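As written, the chains take the letters A, B, C, D, E and F, and residue 1 is the first residue of each chain.
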Amino acid sequence: MLTFLPRKVLEEKIRKFLEEDLGQGDITTLVTVPSGTIVEAEIVAKESGVLAGIEEAVTMLESFGFHVRVLVPDGSRVEKKTVILKMVGDARTLLSIERTLLNLLTRMSGIATTTSRLVEKIHGAGYETKIACTRKVAPGLLFFDKKAVMLGGGDTHRLHLDDLIIVKDNHLAIVGDVGEALKRVKEAVSFSKRIEIEVSTGNKAVKAAEAGADIVLLDNFSTQEIENAIMLLDNVGLRSNVLIEASGGINEQNILEFAATGVDILSLGEITNSTRPLDMSLEVTKVLESSTKKA
Amino acid sequence: MLTFLPRKVLEEKIRKFLEEDLGQGDITTLVTVPSGTIVEAEIVAKESGVLAGIEEAVTMLESFGFHVRVLVPDGSRVEKKTVILKMVGDARTLLSIERTLLNLLTRMSGIATTTSRLVEKIHGAGYETKIACTRKVAPGLLFFDKKAVMLGGGDTHRLHLDDLIIVKDNHLAIVGDVGEALKRVKEAVSFSKRIEIEVSTGNKAVKAAEAGADIVLLDNFSTQEIENAIMLLDNVGLRSNVLIEASGGINEQNILEFAATGVDILSLGEITNSTRPLDMSLEVTKVLESSTKKA
Amino acid sequence: MLTFLPRKVLEEKIRKFLEEDLGQGDITTLVTVPSGTIVEAEIVAKESGVLAGIEEAVTMLESFGFHVRVLVPDGSRVEKKTVILKMVGDARTLLSIERTLLNLLTRMSGIATTTSRLVEKIHGAGYETKIACTRKVAPGLLFFDKKAVMLGGGDTHRLHLDDLIIVKDNHLAIVGDVGEALKRVKEAVSFSKRIEIEVSTGNKAVKAAEAGADIVLLDNFSTQEIENAIMLLDNVGLRSNVLIEASGGINEQNILEFAATGVDILSLGEITNSTRPLDMSLEVTKVLESSTKKA
Amino acid sequence: MLTFLPRKVLEEKIRKFLEEDLGQGDITTLVTVPSGTIVEAEIVAKESGVLAGIEEAVTMLESFGFHVRVLVPDGSRVEKKTVILKMVGDARTLLSIERTLLNLLTRMSGIATTTSRLVEKIHGAGYETKIACTRKVAPGLLFFDKKAVMLGGGDTHRLHLDDLIIVKDNHLAIVGDVGEALKRVKEAVSFSKRIEIEVSTGNKAVKAAEAGADIVLLDNFSTQEIENAIMLLDNVGLRSNVLIEASGGINEQNILEFAATGVDILSLGEITNSTRPLDMSLEVTKVLESSTKKA
Amino acid sequence: MLTFLPRKVLEEKIRKFLEEDLGQGDITTLVTVPSGTIVEAEIVAKESGVLAGIEEAVTMLESFGFHVRVLVPDGSRVEKKTVILKMVGDARTLLSIERTLLNLLTRMSGIATTTSRLVEKIHGAGYETKIACTRKVAPGLLFFDKKAVMLGGGDTHRLHLDDLIIVKDNHLAIVGDVGEALKRVKEAVSFSKRIEIEVSTGNKAVKAAEAGADIVLLDNFSTQEIENAIMLLDNVGLRSNVLIEASGGINEQNILEFAATGVDILSLGEITNSTRPLDMSLEVTKVLESSTKKA
Amino acid sequence: MLTFLPRKVLEEKIRKFLEEDLGQGDITTLVTVPSGTIVEAEIVAKESGVLAGIEEAVTMLESFGFHVRVLVPDGSRVEKKTVILKMVGDARTLLSIERTLLNLLTRMSGIATTTSRLVEKIHGAGYETKIACTRKVAPGLLFFDKKAVMLGGGDTHRLHLDDLIIVKDNHLAIVGDVGEALKRVKEAVSFSKRIEIEVSTGNKAVKAAEAGADIVLLDNFSTQEIENAIMLLDNVGLRSNVLIEASGGINEQNILEFAATGVDILSLGEITNSTRPLDMSLEVTKVLESSTKKA
C-alpha cells in the first residue's frame, strides 16, 4: 500500500495536521456523542474527478482504529455520487478527525484532477509533452502535493532543494553568466545529479547546451520565442542533447499552443498553488449504539 | 509586531515548513554562489491585492539574519509592480529560503485579497453581513489561513475544534434531535462557550432558538428558504436571540443575494480551500561580493 | 473511550512525559528483572476520592502492550482499598512506566476529588453556582488538569488563550478603560467568541454590562462588594444580561458565603495549582515467569 | 547563568509549555492592545518564601525580546510585597506569556519554599539529616521540580530512571529476594552507579548491607522500626557502610521525630506532588505608547 | 524484550533515523516494485562477531508490519554466513527501510564485537579489569552505542552528563585544585551520585582519595606512572577506598600491559568512535507476488 | 557561511544531539564551576588531517552565546598541534557542550581526512576517478557524514532515497530483469532523475546501457571483471553513454588497481561507516573569574 513512504512514517505526518485542528479536544463531540458509540460512515464524491489521498485517508483511519474498505483506489477516476470509502469505528473519534481527513483527501484529489485534465488534453491532441508541477505548493504540503500530481499522471519535477540542480535567474544575478555557472556546477556536483539551467534568450539556451546542461528551462518565453530557441539548438546540432522545459504564463487555455512548440516539458505552478478541492462529503450511515460505556 | 503569536513561537512554525523544502540542503546554491556573498533583494507585487503574511516574511527573514524594511504592511492594499519588502543579507541563505517565503506570503495574500473583495462587495452594497471562513483549509495551515482571513477583513469563525460548539449534521445523525443535542450541550459545556447548531429546516431553526442556541447555521438553504426561516423566527419573537449563519452554495457571484436575506453571517469554504496566490517575485537587486570567505 | 482527544493523539502526549523519566533507560529493572517475565498487577486506591486519568492510564498501558481491565471508571467515586485497574503484561515495561503512570493518574484524580468536593458543598447547600478552574495549572498540563476538573464536575473555563475573550487588569492598564476595551473587542473579534471583562468596582461592572460584555469578572471583591455590584446591575435592569464570575480569595472554607451572593460562577486557581494527589499504589500480584527468553 | 542546562536548551523546554497555552494565539490581547506598545512591568511577591524559577523567567523573557533586571535571585528568600523582577518590552508578547511565566515561577518557588522550610526545621533542631524529594512530580516537570528542590536546599535524589539503581518492592516481588537482587545488580551494573535497595524489615536491612548495598531504603517504617533497624546494623558493624533513607508517612509535623532516629536521608513525595505555589503577581507599571508601528 | 527502553519509546528513536534517509520517499522502489508484493527475506552475517541491535531490528520491522523470527539473539556470538533474522512482509516497505536497518544493526554489532574481543583478551589473561567505553560516541547515538557496549560485555560508564560526577581537567582549570573541587562536590551533590575526579599525578590521586573521591581517573598515565600512583595510594592505606580508572593511549595492542598495573577500569574512546561495522547483508529469498491490490 | 543548510536549521539539528548528552543537566559543572565564570578556550589538532565540522562547531558555539574565531576553515588541511578555533564565553555552558562539540567535529574531520587521502592517492597516480561514499552512515548522521565527504573532496553520491534512482539487487530479485526494471523506471520517473542500475555481469551491463541507464553499478566485480565489462560496452559502442561505478571490496590498499580499470566512480562504504575521528582537544586557556553574578 506504500506509495512513497512506509505507513508508520506517513501516520506521523498526518497526526501533526490533526493536532492543530484538535487543539485541546473536540468539545462539541464530547458533550453530544455518548462514549462507545460505533458508527458506519462513507465518503461520497460530490463531483467527478481523479482520486489522490486515498492512501492517506486509509492510513489515518486505520491508525485511529477504523475498519476501512476502499471502493475507488488512488489514481482512478471517480464519478459524482460514487461511494469512495466505507469505514466502521468509534463515533467520537470519527467526528473529531473528519475535517482534517476531508481537507487532505479533497485537496489531493483536486490536484490530481487538474493534473489529469491537463495531461489528457495534451495526449488527446497527440503530443507527448510532459506536464510537470513546481515547488509552488502550500507550505508544509510539498510531499502531498507532489504525490497528488504523480497520481494525476503528471511529472513531480524536483522533490525539494537537494534534488535536481536548477540554476535560476537569482543564481545568475550573482554568478553573472550561464557558462560560468555551469562550469562551477560541473566541477562541484555529484555525478548523481541532473543539471538544469534557466535561460532568458535562445542564444543562452545554445550556450547552456554547449556547456553541458541536461535540461534547459525557457522561463516566460512566448511560443514564438520557444520555437526560435529550439531552431537555434537544432542549427548547432544540440537539440537532442538537452531536454527543454518551458514555464511561465502557461495555463489550461493556451497549453496546446505551448505543446505545439515541441518542448519536452511544460511546468505550471498553478497545478499546486491554485488548487480547487474535489468536493466530497463524509456521511454517517448507521449508528450502532453501544450499551457498555467505558472510561 | 505580534499579530496572533509571539515571534519566537511563529519562527518555529515557519522553520518546519522550510525544512521540508530544504531536505539535505540547497545543492544548487551551494555549488554556484560563493560563501559570504551579501545581496540586496526585494519582493515585488506582480498584481494588485491585499497583503497578509508580511509578519511571517519578516519573522522568517530576521530569524535567518536579514535586515528587512517593510514598505507595505499586513492588511494594506498593494498595487501591481509595487515593492513590498526590501532585505539585505547572505545570498546563499536567501536563495535557499526564497521559495518557502514566497509560498507562504503569496498564499496568505491571496486569501486576504479574496476575503477583502467579498467584504467590500457586501459593504459596498450597504449590507453589514459578516463574511466568515470555515475549517476547510490546507492541512497544517489552519493558523495561517485564518490569520489571512482576518487581515482581509473577514471573520475567522472557530479557530479549531476546542473553540465554539457547533453541532453539525453528523452529530445529529447520532444524537437524533436538535432539542436533545442542545440539552446535552447546555448541561455539559463551560459557560465560556457559544453554542451553534446546524439545522436543515426553518422549523428546526425555531426549535434551536427555543432550546437556547446562540447561533443557528442554515446549511445548504436557498435564499428563499433562508428568508422563510428568518420569518418563522420573527413570528415567535426569537430573531434577536440568535445569530443566523448561512453556508453552502455561496460564492462571489451570488453572495449579494444571500446577504439580502438578512442573515448575520455568510461562511464560505472556498476562501481558504480554493485559494489563488497573489503573484509576487523576489528579485536580487544588488550583489555585494564578500572578500573574506569564512567557514 | 475518547473523552477529549482521539487515542493516538493522547498516546503521544503521554509518551513524552515518560521519555523524560526514562532518560537512557530503566537500568535497575534491566539488571534485576529477566527479559520476558510477564506479571499481573493492579492499581489500588489508598484513600477515597473521584477518579480522573483512567483513560490516560488505559491508553498508556494498552499502547505499551498491556491487557487492561477497568474496575472503576473516570468520574466515579472510589473507596479506600478498592482495586481500580488490573493489567497483565511485560514486567520490565511495567516497572519502567509505573511512576509516570501513577504521577498522572493520582494528580488528575486529586484534582477531580477536590473539584467534586467543592461542587457537592455548593449543591448540598442548595446553590447552582458553577465551580470553575482557571489557567493556573502546572506548566504543560493544561489539557490534563482541565480534563480532571471536568470529570470532577467543575467548569473548565477557557481552555487556552485562543478561547473566550477575557480582558484583564493588565489589558486595561494599557487600554485604559472598560468601555474602550469592549468597543475594540466588539469590532474585531469573531462572532464565535464570548466576551468577559475583569472589573474592579460595581460601577465598572454596570459599565461593562452596558457595553455588551457577556460575562463580568469581579476579581478580589469581598462578598459584600459582590452583593453591591449585583444590586447595581439589578437597578439598571442588566443583571440577566450578563453572567457574573467572582475570583480571588475564594477557598473551601468561605465558598458558601461567596455562593450566597448570587454570582453565577466561582473560579479558584487552587483547584489546579495547589493539588494534592489521590494516593494509590501499583502492586504486582502475580509473576508468570517466561520460559523462552528472546532478544 | 546556567544552573542545570545551557540557556538554548532551557528555552526550548519553556517554549513548549507556552505553545499549549497559546493555542492559535492570544485573541484578547490581539484585539485590545495596539501593535508596537511597549510596557514596563514587574513581578511582585504576594507572600514570603524562597525563590526558584528566576532563571527560567529570565530565559523566557529574554528569548522573547525583553530587557530584564533581577532584583532577587534564585535560591534567595523574598519577603512579601518585594519586587522580584523588572522587565521592559512588547506589551502584546508580555500579556500572552504572562500566565505560563507565572505558573512556572510560582510552582518552582512554592517547591523551593516548602523544601527550605523542612530543611531549616531539621537544621534548627540540630540534625544533619538530608531532606530529599522523590520522582513523584507533575508529569513532564521532573527537571523543574528537582531543580526547585535543589534551590530550596534539598537533595534531588535520582534525576530519572537511568540514574542511581533503586531496587524497589515491585522488583523484589519478581526477583524474590534482597540478596539475589543485589547479586544481579552487582554483576551487571556499571561501576559508576550507586546501589540502593528498599527493605521491609530490619533484618533485610542487614542482609542488604551485607550484600553490598550503598544505600538502604526503609519504606513505611515507624520511627521505632527505624531505630530498631539501625541498631541491628550497628550490632553487625555495618552501620557506617551504608546510608539509610526513610520514606513513607513522613510530613512536616512528624519530621523531627524521624530525624531523631538517626537516618541519613528523609524523602518526601509531597514536596513535589502536593505543592502550593508561592503567590506572585505581574503588574504593568508603565505604558510607553508606540506611534503607529506595524509589522 | 525490553533491554533498556520500552518498545514504543524505542520505535520513535528509530523512526527518526529512517525519516532522514527516506526524504520525500523511496522513488526507486515506488517505480519498480508493484504495490502489494510480499517478500521473505533474511539477514545474514558476512563475518563472525557478537550481535547487538537485534532488539532494534525487531522493533523496527515489527512496527512496520513485518513478521520476524530471531535466530541469533542480542549478545550472542554469530558465525560467518549464519542467518540471524528472518522476516516476511511488504516488499516496498522492506526495501525502503533496509539501509537504515542495516546501518544500525551492523554498527551496534561492530561495537559489541570490539568490546567483546577486548573483554575476552583481559579475562583470558586472568585479569578482572573492567573495560569501559566513554562519551566519545557518534552524535545522537549515545543510547545505542552504550547499549552495544553492554551487550559486548563492557561497562557503559556514565550514560550522560547528569549521571556520575566526573571532575575533569577543564573543571580543574577553573576550580584550581583537586581538594577544593571535591569539597564543592561533596557539599552540593545528591547522596545518589558517585564521584570521580581526573588527576594528573600520583600525588593528586592520593589527595583525591583523601578528599573522599569514589573513583580516581588517571588520564594519559604511562603504565609505570599508574603503578606508581597505586603504590602511593597503598602507602597511605587508601587503595581500597577508591576505584582506579585509566584512560588515554590504551588500545587493543597494549591493553594487557595496562591491565597488569592493577587498575580497576580501563576506558577506551575508540570502542565507540572508531567503530568498524560487523558486515551483514539483507537478502530477499522469496517473492510472493500479490494479485492487484492497491491502496 | 552556509555550506548546505541555513544556520537556523543547522542549529536545530545540533541542539538535538546535545540534548541527549545533557539529560537533566551537567551536574558536575553545576557543582564545581561558579555561575558567571567566563573562559577563553581553544580547539587544538592532536594529529594532521583535513577539517570538516567547523561550520557546525561555529554554529553551535555562537548559538550558545560564544564569540568564536576560526583559524583553520572547513576543507583545509590542519597540522598537528595547530589551534583550529578560539572561543570566549560562559564556562558552565562550554563544559556542558564540549563533548558533543568534539564528537561531531572530530568525526566529520575524520571522514574528510580519509576521503581526502583516497582522493589524493587517485589523483597522485594520475587518475580522474571519482571517490564516492554510500548511504552506509551512522544512523541519523546522513547529512553530516555526506557533508564531510564533500569537504574531503569526495562525491556525496545520493543524499537519500528520494534522490538518484538506483535499482539494486533486491529490486531485481522482485522485478526479475534489468530490462524490465529500466522500462518501468523510464515510464514512471520524473525527467529530473538520473537512473543507475546494479548489474552482476558484464552482459547485464551492456543490457542496462542499451535500456537507457545513465549509470551502471558493477557491484562486487573483480578488477578483471570490470575491465571485461568495459570492453563489452566498448564493443557495442555504448561506453560513452554511461558512467560506470564500481563498489564492493574496494579499500585503501587496492584502490589504485580499481582506478586503473577505467571506471568513472569508485564508491566505498567504509569512508563513512568505519570512521576514525581526527583527534583534537578543547583546552581552557584563561579563566576570567566573574564577580558574583547570578541568574
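Points worth noting:
What we mean here is this: contacts are C-beta pairs under 8 Å (C-beta built on N, C-alpha and C of every residue); 3 or more make two chains touch, one makes a residue touch a chain.
Treat the numbers as computed from the prediction; the structure is a model and nothing was measured.
Considering every other chain in turn, the ones in contact with both subunit C and subunit F prove to be A, B, D, E.
Counting every residue number used by either copy at the subunit D-subunit E contact, over half are found in both chains.
The contact pattern of D-F recurs in C-E, the pair among B-E, A-D or C-E where over half of the contact pairs coincide by residue number.
With centres taken as mean Cα positions, subunit E sits 43 Å from subunit A. Mean C-alpha positions place subunit A and subunit B at a centre distance of 22 Å. Counting partners per residue, subunit B has 22-27, 30, 96, 142-143, 159-160, 162-163, 193 as the residues that reach two or more other chains. Chain contacts in this assembly form a complete graph, since each chain touches every other chain. Residue ranges of subunit C in contact with subunit B, taken from their complex: 130, 132, 155-160, 162-164, 190-194, 196, 215, 243, 245, 264-265. The part of subunit B that touches subunit F in the complex is made up of residues 15, 18-19, 22-27, 30, 35-36, 63-65, 90, 92-93, 96-97, 293-295. Partner subunit D is touched in their complex by these residues of subunit C: 16-17, 20-33, 37, 39, 41, 91, 94-96, 98-100, 102-104, 106-107, 135-144, 159-163, 165-168, 170-171, 173-175, 181, 184-185, 187-189, 193, 270, 273-277, 282-284, 287. Remark: subunit A residues 1-9, 12, 54-55, 58, 70, 73-75, 142-143, 146-147, 159-160, 162 touch subunit E in the complex. Across the complex, subunit A meets subunit D through its residues 23-24.
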